[in-house]
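Each structure below is given as structure tokens.
Each of the next two complexes has chain A plus one other chain: chain B in the first, chain C in the second.
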Partner chain A sequence: MKIISSIIFLFISIAFVNAQSLRGNIPEKKMIKIPASDFKTFYVSKTNKPIVVNAFSMDEYAVTNAEYLEFVKANTVWSRSKVNRLFADVNYLKYWESDFDIGRSNKNIYNSPVVNVSWFAARAYCKWKGKRLPTLAEWEVAGNAPPKNIAYTSVTDYIMKWYEKPPLPVLPNVKSTYQNIYGLYDMNGLVWEWTFDFNSFISTGDSRNTTNDNTNLFCAGASINVTNREDYAAFLRYGFRGSLKGNYCINSLGFRCAKNINIK
Partner chain B sequence: MKKYSAFFLAIALFYSCKNGNNTSINNTVSADSGSTKQTIEKKANAISAQSIFMLADTFKTQHNNNFVLASLEGKPTVVGMIFTNCGYACPRLTSDMKNIADRLKANRGKVNFLLVSFDSERDTPAQLQKFAKQMELDSAWILLHGSDETVRTLSVLLNVQFEKDAEGNFSHSNLITVLDKQGLLSFQKEGLEADHAETLAKINELMN
Partner chain C sequence: MNMNKISRNFLSVIIVAVISTGCKNSDKNKNGGTDEEVSGQETAQLSLAPMVPPPITRNHPTKVVVNLTTVEKVMRLADSTQYMFWTFGAAVPGNFIRVRQNDEIELNLTNAPDSKLSHSIDLHAVNGPGGGAEFSSVAPGHTSTFHFKALNPGLFVYHCATAPVPMHIANGMYGLILVEPKGGLPKVDREYYIMQSEFYTKQSFGFKGLQEFDMDKGIKEQAEYVVFNGSVNANAGKNALIAKVGETVRLFVGNGGPNLVSSFHVIGEIFENVYLEGGETISHNMGTTLIPSGGAAIVEMKMNVPGTYNIVDHSIFRVFNKGALAQIKVSGREDSTIFRRN
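Moving on, here comes the complex of A and B:
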């Protein structure tokens, strides 16, 4: 009897340990509800109607190295040595010590945003969490909300200050910049972030131009169709997105996840 | 005897060719199921890790049949991404591809022609079939409908930019892509009414 009960106990504890390791030790992160709004794309023609962005929720802060490590451990195809080059280039997680080790020398960045991750990797992570990547419109709505706990009232001014600064040798931890009125941390000032439709076309309607209409935005003398000509920050952000490919892994580019809000 | 040695030589050659990629652990991405699958391919002709065929999602054809990109294997494929409500650029892009098909003449049966719609909502298989008739596309053409996720993933793999506006229309780059027999991206040409000589040369090279 004793033997049986100890065997049962053993099984239960194994199951418990397994469940623990699957769930990981990091608590589920808080998600912030972003109310529905109209989004006017940064680059629009006069006829363009604003896009309706439904209410959604978004991670309070970007996915950290520690969080991403749990994903890699649970999905080894996304480890550095196994990942397919179609889905992540050679710079994938290159600053980590090894496949499943962020590294001792990196201990200050366990809670910093994970960077050098591709769009495919970011998307896989969010799926694993039962979430998804935010759309570009969702990200812009969330990211353009004014700060609430710093001196800057204009996001643009704040961002321009960020762009001026040389990159820090060690990427600061999440929650180290500012919180916006929705309660989201570091929407600007820490890393750039992937969006689901980062490869959106910056134009409207059928393009009669044989290449694409980005020239109107970037080369044609004045940026006539840009909604807010002062918004250089958005200008840079859109330009940066346009230069990306899905398998690029860049040291200033991370991500956070979003989720639909089910209306009952 | 001569016959036999030729036979053995063929086998030897066959084996030496397939050695490079006969067993590979592949990391496929599926937007439909949302999971990353690890499949161990033991087929002689395992899909190359860099192949677009690694996208394991299921599409629907204009005949409402299920379709995976891997079934394009064996022939080079000319790919365009379109939407059928498109006023100007898409019929042009389709015409450009038709033009390529016509210029292939006798060889056109050796090439797949693929049109994938951005418009998951309106471009149902029935609508795609209507479009195929309207554009006089023959049976060599495969028109595909996929979910938002699937289509976005394909667009990322093909470096095609696209965006849906408030009216449900799409702005997009006009890119004609040529895939080799294994689904590797071999050639891309941007622009409408471009000179297709280069594209044709590439297709001819890949057919052999």
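Moving on, here comes the complex of A and C:
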């Protein structure tokens, strides 16, 4: 019995190690369970009801350069010189030294979020990990949870302070900002993060009788149908997402992955 | 469903466009309008305050390429006081754009790679929804392009119109565009660019160090700083504007707001000409002219007497306590018939 279980254990271990080498040598990061909740969209209209967000799990912190390098090595089609421009623009991984080398001069950012990656690239990475990108609703639910390990007056205030600071010459490592009550690190204040449906708020689903359903973010249009006119941080976040295209690679934009929780 | 919505929206845009051009055509033609032939192409020569690009000498409209860059940058708000400005052209106010009526403008808006935020531009010189805001929305490290025809002559404000608009404007994202009428403006000796705006900081006026934006003060319209050309004394003291006795000075004055209306006045001078609110009506011999938030005016004055002239917002607490002061230093001979002691 003992032998059998040892053998089984060995098999499992081998299988696990194999999976690990396929998915890279860096240990799988912890995923945090986010309980189910109702998400009230930033933009509301008569046809735009609160969204039910099912429980899901989310990476504890953003995907790092070191983690992303493993992905590129295992999927060379995503290396800087081979990537298709339709899926990643010229800024893709532009700060790396070469296709498969983050670079010695970049040694301080191995554990910093990977940035200058497109939505397509982020999606492919998550898929490779057996995960997916979080939806906008999921990200907002997770990201708006208050910090638990820093003093703050309001999340909005904290976020605004990030926007007001000049960019740092070296992007800090993951876990360098705050941890929120769910246990997630750096949801605000380090980088922007891709969501699966990053521009979905631009057109709301049903448009019957909504000729005045002005859900645009420009000029005074942005003051219509907003749940909280003083949530300037949300305005900035949605405004940022609205200007993105799937192949855009941006200095301050990274990502983390999410996963469904299978209820049996 | 989405396609339906898109096509419906598209249709309504076309209908609105047809209706509005239909309504406006008669006005345009009265002004000489759109019947001119556009020829050639050039890249707009931009300037930063207090300078103005040279007058346009063309006698025909052309295609003008305007390249603007949005930059988020810490700069001086007052001596020993800094602020994280959001800018057009790494300066507050942003680049001065000078074009001619009926020019066809290609506007390329580049957002610097190090920007944290998306930006856009709404030019009040544009006929079209949002003044170009949505078409020009641009993420960091990217460039957007849109086209417009400068149908109406005048001096207009432009500003960023990405949500939250008040914050983008409060952080410095505005400038002026001059659309010269056919035949241009009358020749003057000097032209300057001055733009008033206010800043809402957590700390009170004069506090040293990097200041943070205060949303509550913005909402309550309680400005800590009211300044000309982006900082306290940007064009006063050793950086004062200059002129000589006998010269006529033209000021292109804008008010970026975001909240306050300016009672624009030059102490010790009288404006011989004021293009009221930047439009076609010229009023004469005015002491103070009102410039709305998001508005502009062109003022012209002949400098008769040497000395230093203070440019102010005559809502006078703003001058003494918030920084609303610029200066023109005029050199030359005294004229005792105009001004003397005893």
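As a convention for this text, the second predicted complex is superposed on the first by the 218 of 264 C-alpha atoms of A that agree within 3 Å, B and C clash if a C-alpha of one lies under 4 Å from a C-alpha of the other, contacts with A are read in each partner's own complex, and residues count from 1 in each chain.
The working rule: a contact is a pair of C-beta atoms (placed from the backbone, for glycine too) under 8 Å apart; a residue touches a chain by one contact, two chains touch by 3 or more.
Owing to the predicted nature of the structure, the values given are computational and were not obtained by experimental measurement.
A.B. asks: In the superposed arrangement, does A:Ala55 touch chain B (first), chain C (second), both or neither?
C.D. replies: After superposition on chain A, A:Ala55 lies in contact with neither partner.
A.B. asks: Return first, second, both or neither, reflecting whether A:Gly242 touches chain B, chain C, both chains, or no partner chain.
C.D. replies: A:Gly242: touches chain B and chain C.
A.B. asks: Looking at A:Val170, would you say it contacts chain B, chain C, both, or neither? Reply first, second, both or neither.
C.D. replies: neither
A.B. asks: Contacts for A:Ser252 in the overlay, against chain B (first) and chain C (second): which applies, first, second, both or neither?
C.D. replies: After superposing on A, A:Ser252 lies in contact with chain C but is clear of chain B.
A.B. asks: In the overlaid three-chain picture, which partner chain does A:Ala36 touch, first (chain B) or second (chain C), both, or neither?
C.D. replies: In the superposition, A:Ala36 contacts neither chain B nor chain C.
A.B. asks: Which partner does A:Ile26 reach: the first (chain B), the second (chain C), both, or neither?
C.D. replies: Neither chain B nor chain C is touched by A:Ile26.
A.B. asks: Once the shared chain is lined up, is A:Ala74 touching chain B (first), chain C (second), both, or neither of them?
C.D. replies: neither
A.B. asks: Of all the chain A residues, which ones make contact with chain B and with chain C?
C.D. replies: Overlap of chain B and chain C footprints on chain A: residues 203, 205-207, 211, 242, 245.
A.B. asks: Mind pulling up the chain B residues that touch chain A in the complex?
C.D. replies: 25-27, 29, 34-38, 49-51, 54, 86-90, 152, 155-157, 159-163, 165-167, 169-174, 190-194
A.B. asks: Which chain A residues qualify as touching chain C in the complex?
C.D. replies: Spelled out, the residues of chain A in touch with chain C are 89, 91, 160-167, 192, 203, 205-207, 211, 216-222, 230, 232, 235-236, 238-240, 242-245, 248-253.
A.B. asks: Using the touch rule from the top, collect the residues of chain A that touch chain B in their complex.
C.D. replies: 48-52, 75-78, 82-87, 119-120, 124, 127, 196-197, 199-208, 210-213, 242, 245-246
A.B. asks: Which positions of chain C touch chain A when the two form their complex?
C.D. replies: 1-2, 4-6, 8, 12, 72-74, 84, 113-114, 116-118, 120, 122, 130-131, 133-134, 137-142, 161-165, 167, 212-213, 215, 219
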